[in-house]
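Pasting the structures in now, so scroll down.
In the two assemblies presented below, subunit A is common to both, partnered first by subunit B and then by subunit C.
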Partner chain A sequence: MQTETVHITPYRTYAWVLIALLSFTFLTITVTWIDLSAITVFVALTIASVKAYIVLTYFMHLKFESSLFRVFVIMVLAIYVLVIAFTLSDYLFR
Partner chain B sequence: MEHRDDIGAKLGMWVFIFTEILLFGGLFLVYAVMRGNYSADFHQAAHHLNAFIGTINTLVLLISSATVAMSITAVQKGNNRLAVILLMITLICAAIFMINKYFEWGHKFQIGLYPGSDLMITLNHGQVMFFSLYFFMTGLHMFHLVVGGIILTIVMIKVQSGTINSTRYVLLENGGLYWHLVDLIWIFLFPLLYLVT
Partner chain C sequence: MTEEKTHHPEPSYLVDTGKYKGLMAWLTSTDHKRIGMMYMYAMMVFFVVGVLLGELMRLELFRPGQQFYGPQTYNGLFTIHGIIMIFTVVIPGLAAVFGNFSMPIMIGAKDVAFPRLNLFSFYLYILGAAIALSSQFMGNGPPDTGWTFYAPYSIQTHTNVVAAVFGAFVLGFSSILTGLNFIVTMHRMRAPGMTFFKMPLFPWSLYATAWIQVLATPIVGITLLMIVAERWLRIGFFDPSLGGDPVLYQHLFWIYSHPAVYIMILPAMGVITEIIPTFAQRKVFGYKAIAISSLAIALVGYFVWAHHMYTSGMSPTARWIFSLLTFLVAVPSAIKVFNWVTTMYKGSIDVKPPFLFALGFIFLFMIGGMTGLSLGALATNIHVHDTAYVVAHFHYIVFGGVGFAFFAAIHYWYPKMYGRMYNFKRANWSFAFLFAGFNLLYFPQFIIGIMGMPRRYFDYLPQFTFGMQLSFFGGILLLIGIVLMLTNLFSKKGAKAPDNPWGGKTYEWTIPSPPPVENFEVMPEMGENEQPYDYK
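Our next item is the complex of A and B:
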């Protein structure tokens, strides 16, 4: 099966994505520098997740692939979240 | 008429990426549990990591990911020469990452901090866990980086020779996906190991 219309992402888009990712990196460093004590890990992980979302969407082309790819990725992430939830519930409530 | 299935090829690559996500996912889970159990030790041990080198490597990897993504655009537009240059920049970034890692790990080994060392035995359990996870996770990540570098070198040669061109470039796309995975893992490794002390 051949895709009829090929989406060509402009160089400019990638440049902006890179700038966004670099900005988020500096944001993480600043946030952990200030040390928000208890919520530092939470903030750092949230920023990392945003960066991961940007990489998956633009660099890994998920935005322009058929929705099948997105469904697969969401399913795998859901399985992983379940594994985390089960493991941590065991450790936290034993 | 040749038969090929670019979407199938990419789907196959994604299935492989899923197994990688679960592989590293398991390690991140170990990290989470151990950090919960030994938060004070993790806090103390993480201070030994060089956040500056970690930051440089983060920037280098992000730039290399962008140049791989751009090389696909270049090939799609029929500009193979630019694509080769962009892939070359990616490989240089990979080399910089490796050199930084060499100095980072080299310093740790010099002060006697490596798995199974005499110094390591004297540390308490939580710190040993932290350094074991640090060496294993960044080591496994580095292994992926080397493999990605080899794949992208092959891809670059094929772009140069024209085997990869504006009508067929799924190998470049899949090589790119692998490289972005390496970047993706580092996005989580960097704050968890280097920053959240």
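Our next item is the complex of A and C:
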């Protein structure tokens, strides 16, 4: 088995991540007051995706782990996209 | 056969060496072998209960019309039969029992990566099973939805659906945690020198299974919670009267429950891949093809779910896409079958009970697989959807496949588990009864299914009587086979087992029978030129 270096994230980084997540949460609530009609869901999901990216990168240490973990996450996302696409092959063509 | 050691300095895992003795020592043990055995005992109890419930259904169906109980009882029986057999027996099945017992040894590890999490998974399994079974005795009577809990009926019925659904939800967590544990174990704890492509093929099948457990199970968890939310909070996810879409439920349910079939069958295939080379004394044919086909089945099997829904009102586009994908998943399954058969070719075959059960598996799995193709084709599916043909098909896969592989596995690893042998003659007889009984029970269901007998019906037209009665007698033979097998294995102690009774080459056959607590006295290393199935 390979030996690994352990990365210790400074508190300051976590503090910035916390501030970023709170800001995006505030933004999520704020945009609900604005009528974005057709793109409402798109905007909400985009903000949620950015938040998920930050959590994965810093809180879940993906930024500091070996590329194997990144491959796993990409694989999971690819499966997720395919599941949605195949489900839509029903809903969009009924 | 290899030489038998008579003295082993380390105490076996069956000897209580810790703080507690007796039952408490087992219930608090984090030893992967003991946890595997506890799963096995629990599963056997559930299996026998499930079989008896099945026999009760066959008894009622012996003649047309009502014989012993009414239609509501029948609906409750097939529901709990399905819940027990699917969620507490075949889904955890071989992975929980033999994955726990054998996999860490086969990869040269002392235990799984997270032993305490492993024990926690077992307790979640027991808790989930208890909650699911409590649905029979609480509230407004046993659920009558079938194990699939199809909406909108599962939203509307007054029976105790919530408990059963919540039980399945908890069982799902057990499955996810076991999968996670196995993935980490196989990534981190393989013996030095054992690369992924030198790992035995049973662990390979568990690796593919574990990914499905981790990625697919959360979807059914959420879906089941959505049913609870809809029943209690009246949120309209699935019920059209609340603005929901019942087909969405079917999508979400089968996105998990079809991959779940591969959670069941992949470890079964893995066990067969261990048994065939051992009893043919021949290097497994197409090692890499078998390993990769496990991953291919896991991946493609993830995207075939809607073949359960051809008649549910899906778009024609979705129907042909899912039909195509269904045919694709048959390819890696067939690769395995060809490899097993080719491994046996010119081998020195030793027909011992585990090998007989493995042959039984291949035969029954092939019938199950080939009839699956006729169900996967859009045109033929319309005719046999929701008929007894489907009942026969999935029993050939789930019982003929997973069940027989389980029996093969227990006869294979029994000497390692208990340090004792069993009576081969009785084991052969039990195989004969099980095999004959199984075919007599389920093959007529193909015929009456094609003739038009619907599944889940309490009553039937007179032309189906002969087929139903054949099935009843098949059920009796099957029951005799099960009793013979269990009494042979568990009623009395056999002769002391050697460390390697079958001449196997994987690591579990290099250690004492039964294994010591930490498996290896000297941790194994795999040489550069060593292979997992190094038969001459």
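Operating definition for what follows: the second predicted complex is superposed on the first by the 90 of 94 C-alpha atoms of A that agree within 3 Å, B and C clash if a C-alpha of one lies under 4 Å from a C-alpha of the other, contacts with A are read in each partner's own complex, and residues count from 1 in each chain.
To be clear about the criterion, a contact is a pair of C-beta atoms (placed from the backbone, for glycine too) under 8 Å apart; a residue touches a chain by one contact, two chains touch by 3 or more.
Here the structure is a predicted model, which is why all the values come from computation and not from measurement.
Visitor: Quick one: subunit B and subunit C on subunit A, clash or fit?
Guide: clash
Visitor: Per the contact definition in the header, classify A:T9: touching subunit B only (first), subunit C only (second), both, or neither.
Guide: first
Visitor: Classify the contacts of A:V76 with the two partner chains as first (subunit B alone), second (subunit C alone), both, or neither.
Guide: both
Visitor: Which partner chains sit in contact with A:I29 here, subunit B, subunit C, both or neither? Use first/second/both/neither.
Guide: A:I29 sits against subunit B, while subunit C stays out of touch.
Visitor: A:S66 in the overlay: touching subunit B, subunit C, both, or neither? Say first, second, both or neither.
Guide: Only subunit B is touched by A:S66; subunit C is not.
Visitor: Is A:I39 in contact with subunit B, with subunit C, with both, or with neither (first, second, both, neither)?
Guide: neither
Visitor: Counting only touches as set out at the top, which of subunit B and subunit C does A:S89 meet: first, second, both, neither?
Guide: In the superposition, A:S89 contacts subunit C only.
Visitor: For the three-chain arrangement built by superposition, which of subunit B and subunit C touches the greater number of subunit A residues?
Guide: Subunit A has more residues touched by B than by the other partner.
Visitor: Out of 223-231, 259-267 or 511-519, where does subunit C run into subunit B after the fit?
Guide: The listed stretch with clashing C-alpha atoms is 223-231.
Visitor: Mind sorting out which residues of subunit A both subunit B and subunit C touch, each in its own complex?
Guide: 1, 76, 79, 83, 87, 91-92
Visitor: So in the complex, which bits of subunit B are touching subunit A?
Guide: Listed in rising order, the residues of subunit B that touch subunit A are 4-8, 10-11, 14-15, 18, 21-22, 25, 29, 32-33, 36-37, 51, 55, 58-59, 62-63, 65-66, 68-70, 72-73, 76-77, 173, 176-177, 180, 183-184, 187-188, 190-192, 195-197.
Visitor: Note which residues of subunit A are touching subunit B in the complex, please.
Guide: 1-3, 6, 8-11, 14-15, 17-18, 21-22, 25, 28-29, 32, 40-41, 44-45, 47-48, 51-52, 55-56, 58-61, 65-66, 68-69, 72-73, 76-77, 79-80, 83-84, 87-88, 91-92
Visitor: In their complex, what parts of subunit C are in touch with subunit A?
Guide: Answer in residue numbers: 188, 192, 215, 247, 251, 255, 302-303, 306, 313-318, 321-322.
Visitor: Quick check: in the complex, which residue numbers of subunit A touch subunit C?
Guide: Touch residues, subunit A against subunit C: 1, 76, 79, 82-83, 86-87, 89-94.
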